[in-house]
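There are two complexes below, and they share chain A, which is joined by chain B in the first and by chain C in the second.
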Partner chain A sequence: MPLRRLSVVMIAAVTLVAAIGASLALGAVSIPLRDVIDALTGNLDPGPFKQIVTELRLPRTVDAILVGASLGVAGALLQGALGNPLASPDVIGVTGGAGFGAVLILLVFPGSIALLPVGALVFGLAAAAIVFAVAWSGESRGGIGKLILAGIGVQAFFFAATTATMVIYSDRVQSAVFWLAGGLVSEGWTNTEAVWPYFAVGLIAAAALMRPLDRLALGDDVAASLGARPRLIRLIACATAAVLASAAASLVGLLSFLGLVTPHLVRLAGGTPSHRYVVPVSALVGATILLVGDTLARVVAAPVELPVGPFMVALGVPLFLWLLRKTV
Partner chain B sequence: MLEARGVQVTIGSKEILHSADLVANAGKLVAVVGPNGAGKSTLARAAGGLQRASAGSISWNGEPIERLRGRKLAKLRAFIPQRPRVPDGVRVQDAVTIGRSPHIGPFQRETKADRDAIERAMERAGVTQYADRLLTTLSGGELQRVQIAVALAQEAPALIADEPTSHLDLGASAAVARLLRDLADDGLAVVLVVHDLALATAVADEVVVVSDGRSVAAGPPLDVLTGACLADVWHVDAHLEAGDAGHTALHVAWLRDHR
Partner chain C sequence: MTPAPRFAARALACALAITATAAAATPATAKAPTRIVALTPFTANTLAHLGIKPVGIGQTLGGHDKLDPALKSVKTLPLSHPAGPNLEQLAALNPQLVLSTPTWQRGETAMRKLGMKVVDVEPRSLAEVAVDTKRIGALVGRTAQANRLATQIDRGIANAQKNIRKHPTVLLIIGVGRTPYAALENSWGGDVVKKAGGRLLTRGLRASGGFARISNETVVERDPDVIIAVPHGAAGDIPRLARYLKTNPAWKTTKAARNKRIYVSTGNSLLQAWTDAGRTISDVRRSFLKN
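And now, the complex of A and B:
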């Protein structure tokens, strides 16, 4: 692997390890790193430190890594499959659907708050399913323009439904605002246990899609003449991205900016569009960005937690714009 | 090698191709010519398996195309599309590597043999000197040679090129024409869809004239592209002349209305 690509991987990996340490040690209460390690290896006596590390911060750290990796991969898959640099989970309707599913539970059925991740997941997938059903119909089935237009339509529909629900239940809107802004919570393993299979399936499918997506680079005709099935590959890649983005939304709310930006960062920094590089490194970089963002959001104004979504965007956009200006 | 008979193609509810024949053999270059919208590209795409035929028969080495799917077909014929995508950030070498993909399984890596084939394809198409350049920095002629290299990396015995010279200047067109002729002389079966009748006459062993969705004539260029044929199919008063070294000229009475 050329030095430039390797150094991007190394920098991201070192930052991620440092962020894992910081995420477990820092927060409203600072815990010495040695105690953190002892808590993880089971050598720390039961007490508040052990409880904070293993029951609050570890699940949150794992969630951040899973979600960051999944959003990075989802973005890389979508941008690759659609050949469009603007593609993100918004484009296939997932963000709108998941947002509506969450708001529905939060505002209309606040008694069933435990169903929040399920609601986001189910509606995110349902929105993507509608988009795919429309885009894979008729003469131009599987066409990129048709898919993107269907996605924008479905996205607009679910955003309208979300807004309408918030207006109708305006007295309860407070609880939905934080979720829509996007952010991690320290609530143990319950939600992670419910949705981890979706992450697993999505990430494994993404690994199998890397080479087929590379073969789409020269266009559908070339890919088809080489024996690939471009429309099928595109459908599977989009469906995989939908699963990953819906599962991510179910844990942290709406953070689709990460899915848009991460693959671009990887391509700009690594200097190659090959999916065999961009997909796995987007997982690494996405996980790193989200974990660093979440840790900073918890620490900067501790004990107050800033919402990680807006915080990350505020930090990430200048970096992104700087890279964009420098390279293109 | 390729034998297509009575090919009919319907796209949506519109019948684009009514009945067309196309035969290609090893070591021969056959040019498919005809007016805009006559169905030349559709015939080439159907023969190459990129467009499903609604009737007729298409076979490669005697095997019906319906039974040749995916990578099996990719090892029999390469296809150079009319308007290939030019992606950002992709280098010539990476693009030609994509052309090798029918030989590489889903979870395999490129072998030495694959890398050699990629090297040979770049050499043959004359793109080795810009192997490390980005596709987006190439001229139209250079890009077309890269497309030919992508096709050659497949190492298929037949090559179908859909209007490879339509956006090129005179020099670049001539270079592509010479390359395709040389490939036929090397033993490949070459199908060339082309507008330029002078170019077709110079390089082709045989031309197939497509008009209104039908193949209306086939044979050696000068036998087929007679003044009567040009008047019938293109509605012009014109005739072709040929000399040595592929020296050809198309004389057209541009200002005479021939309808």
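And now, the complex of A and C:
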């Protein structure tokens, strides 16, 4: 691997390790580092400190890594499959669907709050399914333009439904605003246990899609002449991205920025569009950005937790713009 | 012994045996929790009245101006959406019982996962104050004191409603930023105004949460004698919001504005329940309804 690409991987990996340490060691309650290590290694007696480290901080750290990696990968898959640098989970309707599913539970069925991740996941996948059903039917089925237009339509429909629900239940809207802004919450392992299979399936499928996407990048005709089936690859890549983005939205709300910017950051910094590089490194960089952003969001105004979205934007956008200015 | 008395004697013996077995199997009354966190001023004040010092109390918008002096040294937990208290801070207090409200429902799931008993106690009407006081008493093992306190509260509410001479029409408006919401009869503030003699002009407005979005057009059309506006927001924004609500140009044609009867209530007394409910009614009558 050329030095430039290796450097990007090393910097991202070291930053991720440091961010994991910070995420476990810092929070609203000051816990001595020794106790944090003892809690993680099982050497701390049961009590509040052990509970905070193992049942609040550790699951949240794992969630941040899973979600950040998934959104980075989802963005890389979509941009590769659609050949469109503006592609992100928004394009296939996932964000709008997941947002509506969550708002439905938060505002209409607040007594069933435990179903929040399920609602977001189900509606996110349903929105993507509608987009695919429209895009893969009729004339020019599977065409990029048709897919994007179907995505814009479905996204608009679900955003309108979300807004209408918020207006109808305006007295409860505050609980939905925080979710829509995007952010992790300390809720133990339950939500992670419910959605980890989706992350696992999505990430494994993404690994299998790296070579086919590289062929697709040569153009549909060339890819077909190499034995690939461009429309099938596109469908599987988009479906994989939908699974990853829906699972991510079910845990953290709407953070589509990460899916859009992370693959560009990786391509610009690494200097290659190869999916065998961009997909795994997007996972690494996405996880790092989200974990650093979440730790800052927890610590800056502690004990009040701020939404992670603005912190991620503050971290990612300057770096992105700097790379854009230098490289393109 | 004839068969009937013999059968009766056996039945009695069986019943006694069953009762004795059941009594032996019944565990001793569960020990009352000693480490309690009260997330609302109502639950915190009730605990104080029952002679219990919680290990933590929630810090709501508007500060602690009406908390019992006995709670001054208790650790406060800032509350913020969506979950309420910071869970790390809450876990550090190691509470056995958390007295919460449905507002913090999102965080309650996680609290329960951490092994805390969480109970929602939030009176939405004056009638519920005594009921919930007794409920808290039962939860913390102070039933007798809670019953006495509940009787005292009910008496205070009844006394505060005596000799009402006028029944002005009222809109109780919660200003969330510049967005007005009408407090309905099924909200705490709406019930207080009603019991204080006000006639709420909220017919046709419905919301399960007790607050319905109301347009300025509707305010003008309903033309209340009195508008009681309650600014709701961060503590630093309250004076600015209060000024806006007091002089809201959209309401200038209403009777309330013409007769200088737009009042701004900057405390939390009309937003959430308090133990001194009778005094809240008296304050509304004296300061706003003048009846």
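Operating definition for what follows: the second predicted complex is superposed on the first by the 326 of 328 C-alpha atoms of A that agree within 3 Å, B and C clash if a C-alpha of one lies under 4 Å from a C-alpha of the other, contacts with A are read in each partner's own complex, and residues count from 1 in each chain.
In this text, a residue touches a chain if its C-beta (ideal position, glycine included) is under 8 Å from a C-beta of that chain, and two chains touch if they have at least 3 such contacts.
Worth saying up front: this structure is predicted, and the values here are computed from it rather than measured.
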Let me test your reading of the model: by the given contact rule, A:L226 touches which partner, first (chain B), second (chain C), both or neither?
first
Which partner does A:V29 contact after superposing on A: first (chain B), second (chain C), both, neither?
second
In the superposed arrangement, which partner chain does A:D214 touch: chain B (first), chain C (second), both, or neither?
first
Would you sort A:G83 into first (chain B), second (chain C), both or neither based on which partner it touches?
first
Can A:G188 be said to touch chain B (first), chain C (second), both, or neither?
second
Determine, for the superposed model, which of the two partners chain B and chain C contacts more residues of chain A.
C
Output check: A:E139 vs chain B and chain C. Expected answer is one of first, second, both, neither. What do you get?
first
Going by the contact rule set out at the top, does A:T15 touch chain B (first), chain C (second), both, or neither?
neither
Identify the overlap between the chain B-contacting and the chain C-contacting residues of chain A.
none
Taking the touch rule as given, give the residues of chain A at its contact with chain C in the complex, in rising order.
27-29, 47-49, 51-52, 55-57, 110-111, 113-114, 116, 167, 170-172, 174-175, 177-179, 185-188, 190, 302-305
Complex contacts: residues of chain B adjacent to chain A
11-12, 48-50, 69-74, 77-79, 81, 83-85, 87-90, 94-95, 98-99, 101-102, 106, 150, 154
Quick check on the complex: what are the chain A residues that touch chain B?
83, 139, 208, 211-212, 214-215, 217-219, 221-222, 224-229, 267, 271-274
Spell out the part of chain C that touches chain A in their complex, as residue ranges.
77-78, 80-83, 85-89, 91-94, 102, 105-106, 109-110, 113-115, 181, 207, 209-213
